[in-house]
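Structure incoming, see below.
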Amino acid sequence: MTTLTGISSKVILRTSGVSKTFGKFVALNNISAEFSRDAITSIIGPNGAGKSTYFNLLSGAFPPSSGKVEFEGRDVTNVAQHEFAHMGIAKSFQITNVFPLLTTRENVRVGLQAFVSRYEIWRPRAKLPGLVDKADELLALVGLWDRRERLAKELAHGEQRALEIGMALAANPRLLLLDEPTAGMSPEETRVMMDLIVKLARERTVILVEHKMKLVMGISDRVLVLHHGELLAEGTPTEVRQNEQVKRVYLGQREH
Amino acid sequence: MPPLSFDLIALQLFTGLALGAIYVLFAIGLSLIFGMLTVVNFAHGAFYMVGAYVGLFLLSLGGNFWLCLLAVPLIVGTCGLIVERFLIRPLYGRGIDYPLLLTFGLSYVMVELIRIAFGKSGYPFDTPEILQGAVNIGVGYFPLYRLFVIGIAAAVLLGLWLFLERTSFGLIIRAGARDPQIVRVLGVNLSRIWLFVFGIGSGIAGLAGLLAAPLQGVIPEMGATILAEAFVVTVVGGMGSIGGAVIAGLLVGVVVSMTSLFAPEMAKVSIFALMAIVLLIRPQGFFGRAGLMS
Amino acid sequence: MNELSQTLTQPVVASAAWFEFAKRHRAFLASTVVLVFPLVMPFTALAVNILIYGLYAVGFNLLFGYLGLLSFGHAALFGTGAYLCGIAIVHFAWPWYAATAMGILGGAVMAAGIGALAIRTRGIYFAMVTMALSQCVFYLFYQAINWTGGENGLRGINVRTIDIFGLQFDFINPLTRYYVIAAFVILALFALSRILASPFGAVIEAVRENEARARASGYNVTLTRLITFILSGAFCGLAGALMALHLSVVPIEILHIETSGMVVMMSLLGGMGTFFGPFVGAAVFLLLENLVSLWTVHWQLIVGAVFVICVLFFPAGIWGTILKRINP
């Protein structure tokens, strides 16, 4: 019953009172939030606000010290990382994370293969139907089709980030989690990436963590502001922009 | 089989502690080097073996055991310095497996060089005269030399602790084990510290070999066996933790001596069973990898 | 400028096509080498040794080269294969093929046991735990004297003829023995090539390349490692079983730490992560051993030094370096 209401519900992901401590250090303190389906939600905050920790909890990289994470009504707090892709949650990492010595196409093909065959040791993988075509399709979508034969490590930084998104899309996710997708990018690359994110968000829910506030204000439906591991504010971009506390801790310190 | 009395068990416990003291000395060097350099030194057993042979050689020249206690760690430590500087240093940044592979190959070379110099068969190593005999430790007579080994190990640990806690050089080592980046930012030359730590670690391994020699004799292969056993100590105690190495080393020594009392045929296998249990319950070992001395 | 760059890339493209061809038919090409090999060797017994140790190294390389896990306990898998094959023949009078199957199974089961414990640890612990556990296996076999002969080794594995499909091969004749063993090695090579080309082969590469990404892509990294370890164990178990048939004894030294170290050396010397490298490594190692032994008993000194030089200057190994030259 819960699953049924979960899927039809407007809330795709919910955290209830999650905290994370590393030794004595409290990285995240008692955060409760809901993320709407088919929207772009951005998590912002200055350096050390706990954004990445929160992202890791949402994407299952490690479990919270306390609290609960629910995806479509299902408790996923202690679900293993590799199960997330199979549930329909995909992510891209903050630091570029591709398979460097595989070709660009193979990177995406491996991502697709996870949903077709994982432990077969005898059938030639060339005989798995349609994976290469599907991979090329995704590469075209993220603008890397003409680079498909290159090794991933030979791609430019911006291209590697795009490849990572292509790999995340291989899971055909209902929820796409992006950790600072434009980190280290040139203004031109950043613009291309933001366009891509908007395009992808038409068909799925997107949650992104971003350090540069200005960047996400224009495209987000909702914004969460973290500060010192606490949830400082939450609302539409306009509401957040006008929030006095946010102005004080975030805008006041000037963007870098 | 003699009747099992409380005294017998207590004596066996002390035997285990003496054996454990050797493990501790061996394993702290291994842990110190890993904690700082993230190098698993597969030549550590070879340094241990070289320590015993250097002692043997010095004694044959007419030196005495007390001189050896000083000279062996210095000589073996110097070998360690040379190895780090010229063989391991070029490999930093090439991935964690390469220094491991290199030190493994090096141990082959060292063992063979010793075989060339001293022959393939082993030698007995006499307990120094003044340390022969036994003393009454309350529960019965206990070999004086084993007591001496425990004492030396304790002294080395104390010295190491004072050095790491009370000197500025020690402070840098501890900081470097926690976060090499910070130390580098502070303008400290890390490569010199790594060199030094490798030297200390190998020196202590050499000392352990010397101390073990009167108990077990001296053969070129003596390093390989203790290396596998020291890995058990490291896994049980937690890699990179000196506190873990001390507690796990003593524990392993006691487990070996107790099983050889109660179930001699299980003595060799017992410590691996201990390791298996620790891996199942707490894969990161007693003290995890939380940095040096913590 | 454009023309220049075109002429520069031309030969690379040509050799890439050749390279692709070679890669597709790697098992076939390797088999050809195996078939003509004894004809160029000084004596057949050495060729048999190279064949069996080569297979042992191939099994090890599946784990080290393709998956990136460094095990220092493969002697336990090799040795278990040899002992179980030997015990099946000596104590139970099993036919040779059943005993060989027993060896393969033994290697795989031992790998499952060691792997289940060792894979709980991360990174650098793996080498240490596998080494310690294989030392434990050594003591277990050493003490089971009634089954293994303890220090004296397991004696009396006398297989005189090998019958396959009604044909009888004289196993005493060195050259026939070589080709019988070669048949198994070739089958194993084809199996390995097939595994590497399978979907699971792609998962192995992905896990080696980037563990976190593989996990995020939906692959169970721990399970992948365990399965690969077991497959590696099956290959090494087969190598061990063939060793038992070849030597007609199983010496206890087969479980020594040196036997684990030797396969690490062979793989790295030949070129880890290459299909044929382990054979090259085994051949170089054993030829070096035989050659150096002619003038000094201290061959380990030379082998160790060569290995150290290889780690320092040729981490891709002999075969790996050659492949890089051909296909940069």
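All chains are identified by letter, namely A, B and C, in their written order; residue positions are counted from 1 within each chain.
Just so it is clear, a contact is a pair of C-beta atoms (placed from the backbone, for glycine too) under 8 Å apart; a residue touches a chain by one contact, two chains touch by 3 or more.
Model, not experiment: these values are computed from the prediction.
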item	value
Minimum number of chain-to-chain touching steps separating chain B from chain C	1
Furthest chain, CA centroid comparison against chain B	A
Centre-to-centre distance between chain C and chain B (centres being mean Cα positions), rounded to whole Å	33
Centroid spacing, where centroids are CA-atom means, of chain A and chain B in whole angstrom	47
Centre-of-Cα separation between chain C and chain A, whole angstrom	42
Residue ranges of chain B touching chain C (in the complex, touch as defined)	34, 38, 40, 87, 90-91, 94, 96-98, 100-102, 104-109, 111-113, 115-116, 224-225, 227-229, 231-232, 234-235, 239, 265, 268-269, 272-273, 275-276, 279-280, 283-284
Contacting residues of chain C [partner chain B, same complex]	70, 72, 117-118, 120-125, 127-129, 131-133, 135-136, 139-140, 143, 257-258, 261, 264-265, 268, 298, 300-301, 303-305, 307-308, 311-312, 315
Residues on chain C engaged by chain A in the complex (per definition of touch)	194-195, 197-203, 205-206, 209-210, 212-221, 223, 227, 231
Chain A residues touching chain C - in the complex, by the definition given at the top	59, 61, 80-86, 90-91, 93, 97-102, 106, 109-111, 113-126, 128, 167-168, 170-171
